[in-house]
Structures are given as structure tokens and as C-alpha cells.
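Each of the two complexes below includes subunit A, the first together with subunit B, the second together with subunit C.
And then the complex of A and B:
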């Protein structure tokens, strides 16, 4: 297995991709620590220390801070991380179903997809302006760190504040670009890799906080829960429903083609970790909105119910959103009509089922049945650690919840598999046999 | 291939075709449940060996990434502390 890691670095183009990804990750981390102009970095550090010492004792920010890997509370250049981009892509993908023009664009193929990506980028910038304004306003009014009387922004003229908003928005644009660069020229899906890195950056701190507050016993239990969940996640992610496909033999000139039998692998969880990322970033929006107007009734309700991961309302909402997003995401990524058409074109068929419409119906039937347990699994796995952590009274360390484990394991598995398939193209023996 | 009531026709047509078998939401739910179970039986689950290798590989990968990111953060944090106090 270790030789595979060595091989990965021996292969020139794979080495280039890995190093490129690492380089982008390093830049991403630098930006996550670099303070935004106008912020008194020393004051932020003094305010931040008690928050970090107490794990994520300040529960509202524990969750906000989860995906930013600490960047948000440090008011860094990359304080918003990829959140606006994720939110924008959810909105655009939801709108694709509703607005006929977007749907037409999507069906147009490559050119249309590029246009949709362009719309997503514009929306991202819009959302980034909104969110950075919120954060700057919070920091100025001193609500960012409750119980800390430092002046975080010493000179709060309108020009300074505008510069801060501009910097954070630009930071979001850069992160978006980073993500696309990783997808194009690096390893793995850029958006997921960057979230993965942010969560990984927060792991040691939150684990250390658990150990300090709860002692070694709880620490070991938490680790054990994490490892068991990891095994469960891998078990389900690897499960496939294989639909047999038979290809007819064809004579082209004097040679015979086809005649082979393969299968279409339908994963039990065809959607991957994207639904979890979508659901948690959607639940993060009302919390952010509530910061604008903390004394209103609805804002207090949100702060009491949704801002904490251990509250039943949050759990139920999270679960339902994950199930819905799983179906939604499978619906947009796997198109039975297209698969059936392709099969027909190349002379393939599923034994016992006629080509064309019946094949499409059958694929749809299997997919919708197999996604039901898949979506329940995603929802449950992201809840079990939450419940378990509440039982052993470590619930204030929400960042170490099911969501982060799912994302870390899911992205890790995808990335390792991608490296693996690139190794196999070079006839090296991979990690996985 | 698929579990339906009575006939072997495709699932979409089978239900409304037969009189008196449309059923209430409860019956439909139980049919859906049985179909789900039938599909799950055809799923190929990973073997114990596969599971262990994947588990180990992912664990090593995640630990390596965490180590790299932690080192980066330590270095960058130290530099920031020097520059901004």
C-alpha cells in the first residue's frame, strides 16, 4: 500500500497534479489566516483565545466556524470560504428545475453548461457581498465575540469598512477560482477538497478541546465512534447495484465488434457527500440572517433552535433536507433517458427489457428504489454521532459531528479512487486490490 | 425482475392496470418498501477484505492531509504572529 504512495509520486503527470493541489491548499491556508485590512489582528487573537480554549463553547460560531477552518472568526481574507459558492450552486441548480430558460441552457450541452457556471459565479459574488457585509457589521458592533470588549476594527470609517467588504468578496472570488483550478488540473473535486481541508484544519483543535475538557476516556470514545462511522460510511459508499448490460455483436467490414456483457454500476448512495454539504450550508443561512437582527422574535427562535447542532429541530430539519437533496442530486446527475439512449445507439440492452422507453423506465425504477435506503443512510450517519456525542456529554464540540466525518471520508475515498485510477492507467498496482 | 403485484409487467403499468389493487397510501408504501428490499438484495456489498483495505487507505490519506495542513497552519500562524503581532 505504501508503495502505491511512492508510485503516485513517481508518475510524472500524477506528481504534478498532487503537487499542484498541495500548492493551492497552501495558498488557501495562507489566505485563511491573513487578516483583512482594517482588522486589529492582535485584538482578534485576544478575543479568539477563550473561544478556542473552550472548544466551540460559543455554540453559534462553532457551526459557522466549522466549514471555514477557523478563517471566519479570524476575520481573514478568506473568511467566507467556499460557502457563497456552494450556496450559489444550490440556488442555480434548484432554479434549473423551475426556470425554463436555464433548463434549455442545460440541455444545450457544453456551451450551455458554461453559461450556467458563469451565472453561478455572478450569484456567488452577490452572495459574498451580502455575507461579508454581515460579518463586517457584526465585528464592528462587537457582537462577533460576546463578552469580549476589544475594539476589533479600530478605525471604522466608511472607507475602511468598504475596503473590508471588498477584500472578503475578492477573497471569495479567488477561492472559487482555486476550486476550479483543482478540479481542472489537480486531484479530486475542487469544491469538496477545499471543504475537506478546512475541516481537517479544525480537527486537531476540536479533538484537543475534547481531551482537555472531558478527559482521556471521552477522548478515546469519540475517536472510536469516529473510526466505526468511517467503516460504515465506506461500506455503504462501496455498495453497488449492478445492472447487467449485454452488447450485441456487430459486423463492421470484416471485423466483429461488441458481443460483450458489462454492467451499469448504480451506487446505493449515488449522490455522494454533496447532499450533506448542501443541507448543512442551507441550514447555516438562517443562522447568518438572524445575526442581522438579533432581537427579533424569529431571530431568537433561530438562535435557540437551529444554531445548535444538538437541538431536535435542527436534527429533524437536517435529516429531511439531506433526504430531499439526495433525491434531487441523483435526479440531476444521473439521467436515465440519456443512458438508455446511449445504450440503444451502441447496441446494448438489459437482458429481459426492451431498448428505449422500457429501459429508461427500468433504470428510473431501480434508481429511485435504491436511493431510498441511500438517502436514509446519509441522514442517519450524519445524525448518529450527534446523538452519541450528546449522550456522552461532549455535544459542545459540534465540529466533530457526523457531517464532518461524512465529508472527510467521502472526499477522501473519492480522491484516493481518482489517484488509483490514474495509477492503473500507468499499469502500476494501486492502493486497492 | 422487479417485485410487483400479480403480473410480471413493468412496475409503472402493473399497479393501475388491475382493478381493486391500486390500494391506499399505506398499501402503496408497503409495496414500495418491498420493492426497496428486493432491490437491496441485488446490491453487491463490499467484502470484509475490501472494507479493511479501503478503511486503512482512507485513514492514512486523511491523517496525511491533516498532518500536512497542521504543519502548514503552524508555519503560517507563526509568520502571521511575527508580522502582525
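And then the complex of A and C:
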């Protein structure tokens, strides 16, 4: 394990990539704690402390704050982090199903994907303007921290407000660029590495809060539970069904092509963490709507049942939504018809099953059955923080559970695999045995 | 002084967003977020792209300096 680290830093090009990634991460963290000009950082600190320690306060921002690693509530330059990019990607991803032009672009291959990426980036900036305006407005009216009477923005002239909004928007642009730079010249997928950094940065604070409130005993129990969950998550993330594919041998000129047997890996959790993100942002919508007219009957019902994550109604709704979204997302990302078509074109077949329609049916059959445990697993894992909340009275952002652990483990595995493949080009043994 | 810096910050923010959007997007959205296939893009960047990088980094440094300076000015004024 340690020798693998040494080897990774001995290889010149890999060392360059690792150092570049670390450099970008450092810049990203600096921007996450640098307050936006115009914000009274001391007042924010005074408001923020009870939220971090008590953990009762507003659970509404829990999810958003989780992704930003505390940057959102600090109103820093990078307050929005990659949230706009994620939202934009989700929207574009969903729109490809609806809008024919986008679907055509997607089928076009590399050039089409590039264009879709470009659309996503434009949409990201648009969303960033919207969200930064919302955040600045919330902070100005004092709704950001309920029950805290500090003036967060002392001077609310139009120039100051415009500067703040534009700075945050530009910050989102810079983060997007950072992500692309990491993808391009560093290690791993830039966007997911940045999310990973944000989430991991929040771990020490939450752990410290638990230790202070509940003492060392609970702290150690939490750590132990966290490790067990992590192992379980890795176990399921790595699980895959390998469908064997045999390619026919054919002669082109004097060379023989194909004749190899490979497999299609179908992961148990094909959808990753996207369903969890979908579900929590969807459940956040009614709460947001209820905030605008608090006196209506339905709004009060929502405030009583959905606004707090510990309520059974919320838990059941969350679970069902995740299961539904898992099926939905797997349906979008893995298209059995396409795979069966491609296999037929290149002379491949699954042993015992005819090419074309039967192959498609078979893939569909396997996929829908393998997704069933996958979706249940996703739902259960994301319920962990909610249940832990009830059991030990920890705060909402219980560090080891749900979305955060899925993302951390997923991104970590992916990045390590990528480093590993680079190491193996030079015949070194990797991290994973 | 504060006004001048604010205006400079607004201008650099706008330029920065434009410059970032001019870059070619890498990494195709969500499909390879959170554990997709390992795709490594080969091939260096063109000269235009490299110059764009340089301009973006320069603007970024000015932008960053503006934020810090403005923050300090507002704090001690």
C-alpha cells in the first residue's frame, strides 16, 4: 500500500498530475473560506456557530450545505460550488429524453456530446446567476439564519449587491474551469473530485460537534459504524454481473480480428448517487413552497411532516422516490436496444442467446432484476443519517451516511482505479490487490 | 476607492465568465460523474487554447486580488 504511494510519486508524469490536482484542490478550499466582499464575516460567524454546534436550526439548507462543505452558509466566493453544474447536468440529461434535437445530438457521438456539454455550461452560468441572487436576497432579508438578528450585509447599496451576485457567479465559472482542468491534466474526474473535497472538508466539523455534545463514547461508536458502513458500501459498489459476450472471428485482409470473449459488466448499483440527489432536491421543493405562504393549511402540514428529516412521512417518501428514480435513471443511462444493436454490428453475441431482439430482451430482463436490490440498497443507505438522527440525536449532517458516504466512496474508488491504471502502464503494483 | 474596486471586480467577473465559457468543455456531464468509465483524453491543446488558458489565469489573479482588497477595505473602513 505504502510502496504504491511511493511509486506513484516516483513516476514523473503521474507525480505531475497528482501535484496539479492537489494544487487545484488547495485553491478551491481557499476560495471556499474567502468571504464575498460586502459580507460581514464576523456577523456570519456569530450566526453560524449555533447552527454548527446545536445542529437543530435549519435542515432545509442541510443538503445544499453538505455539497458546499460549509461554503454556502459562510457566503464565501465559492458559495455555490458545483451545485449549479450538477443541477444543469441533471436538467440537460432529463431534457435529452424530451427534446428530439438533444437526443439527435447525443446519438451523433463525440461531437454531439461536446455540444451538449457546452449547453450544460451555459445553463450552469444561468443557474448560477439565479442562485446567487437568491442567496444574496435571503442573506439580506435575514432569512438565511432563522433566529439570528445580525445584519449580515451592512451596506446594501445596489452596487454592493451587484458585486456580490457577480462575484459568486464568476466563482461558479471558476469552479467549473477547475473541474475541467483536473479532468484534463490531473487525476480523476474533476467535478466529482471537487464534490469529494467539499464533503470531506465537512467531516471534521461534524465529528467534532458530535464529540462535544455526546462525549467520547458516542464519538467512537460513530466512527466504528462509519467504517462498517463504508466497507458495506464498497462491497455493493464493486458488485457486478458479468454477462459473457463472444465475438466472432473474422478476416480482414491478412489479419484476423475478434474471436475474443469479453463481458458486459452490469453493476448492481448502476445509477450511482444520482437518484439520492434527485430525491432530496425534489423533497426540498414543497418545503421551499411552504416558506412563501406559511399560514395555509397545506403549508403547515408540510412544515410538520416534511421539513424535518426525522418524520416517518419524510422517510417513506424519500425511500420510495429513490427506488423510483433508480429505475428511471438506469433506464436513461443503459439502453439495452442500443447495446444489442452494437453487439450485432460487431459480430458479438451472448452464448446461448440469438443476436438482435432476444439479446435485447435478455439484457432488459437481467438489468431490471439486478436493479431491484440496487435500488433498495440505495434507499436504505440514504436512510442511515435519518435513522441515526433519531437514535443518537446527532445533527442532520451525520457524517457517515447517505449521500455523503456514497459520493465519497464512489469517487474515491474511481480515482484510485485511474491512478492504478496509470501505474500499471509502468508495471508497478497498484493499491488494489 | 471602494466604488472603483467594485466596478473593476464586476468587470473582471464578467470577463472571467466569458473566458471560461470560451474553453472547450471536458468531461461529458453526469454520465461520467460519480464513477463512469475511465476516459483519458489524449492529444495536447492547441496554441489558441493555451493562450486562452494564460489569459484566463491572468484575469483570475486580478479577480482574486480584487476580492481580497475589497474585503479588506470594507472591513477597515
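In this text, the second predicted complex is superposed on the first by the 353 of 433 C-alpha atoms of A that agree within 3 Å, B and C clash if a C-alpha of one lies under 4 Å from a C-alpha of the other, contacts with A are read in each partner's own complex, and residues count from 1 in each chain.
Heads up, the rule we're going with is that a residue touches a chain if its C-beta (ideal position, glycine included) is under 8 Å from a C-beta of that chain, and two chains touch if they have at least 3 such contacts.
Keep in mind that what you see is a predicted model, and the values were worked out from it rather than measured.
In the superposition on chain A, contact of A:352 is made with subunit B only, not with subunit C.
Residue contacts after overlaying the shared chain place A:413 against subunit B and subunit C alike. Residue contacts after overlaying the shared chain place A:34 against subunit B and subunit C alike.
By the touch criterion stated above, A:200 is placed in contact with subunit B alone, subunit C being left untouched. By the document's definition of touching, neither partner reaches A:135: not subunit B, not subunit C.
Using the contact criterion defined above for the overlaid structures, shared-chain residue A:241 touches subunit B, although it does not reach subunit C. By the touch criterion stated above, A:127 is placed in contact with neither subunit B nor subunit C. Of the two partner chains placed by the overlay, only subunit B lies in contact with A:361; subunit C stays clear of it.
Shared contact residues of subunit A, touching subunit B in one structure and subunit C in the other: 34-35, 41, 413.
Looking at the complex, you find that subunit A touches subunit B at residues 1, 22, 25-26, 29-30, 33-35, 41-42, 196-197, 200-201, 203-204, 227, 230-231, 234-235, 238-242, 268, 352-353, 358, 361-362, 365-366, 369-370, 372-373, 408-409, 412-413, 415-416, 431-433. Residues 34-38, 41, 77, 86, 89-90, 92-93, 113-114, 116-118, 120-122, 125, 155, 159-160, 162-163, 166-167, 169-170, 173-174, 176-177, 179-180, 183-184, 189-192, 237, 272-274, 333, 407, 410-411, 413-414, 417-418, 421 of subunit A are the ones touching subunit C in the complex. Against subunit A, the residues of subunit C that register as touching in their complex are 3, 6-7, 9-10, 12-14, 16-17, 20-21, 23-36, 38, 41, 56, 60, 63, 67-68, 70-71, 74-75.
Only residues 1-2, 10-12, 32, 35-36, 38-40, 42-46, 50-51, 53-62, 65-66, 68-70, 72-73, 76-77, 80, 84-85 of subunit B touch subunit A when the two sit together in their complex.
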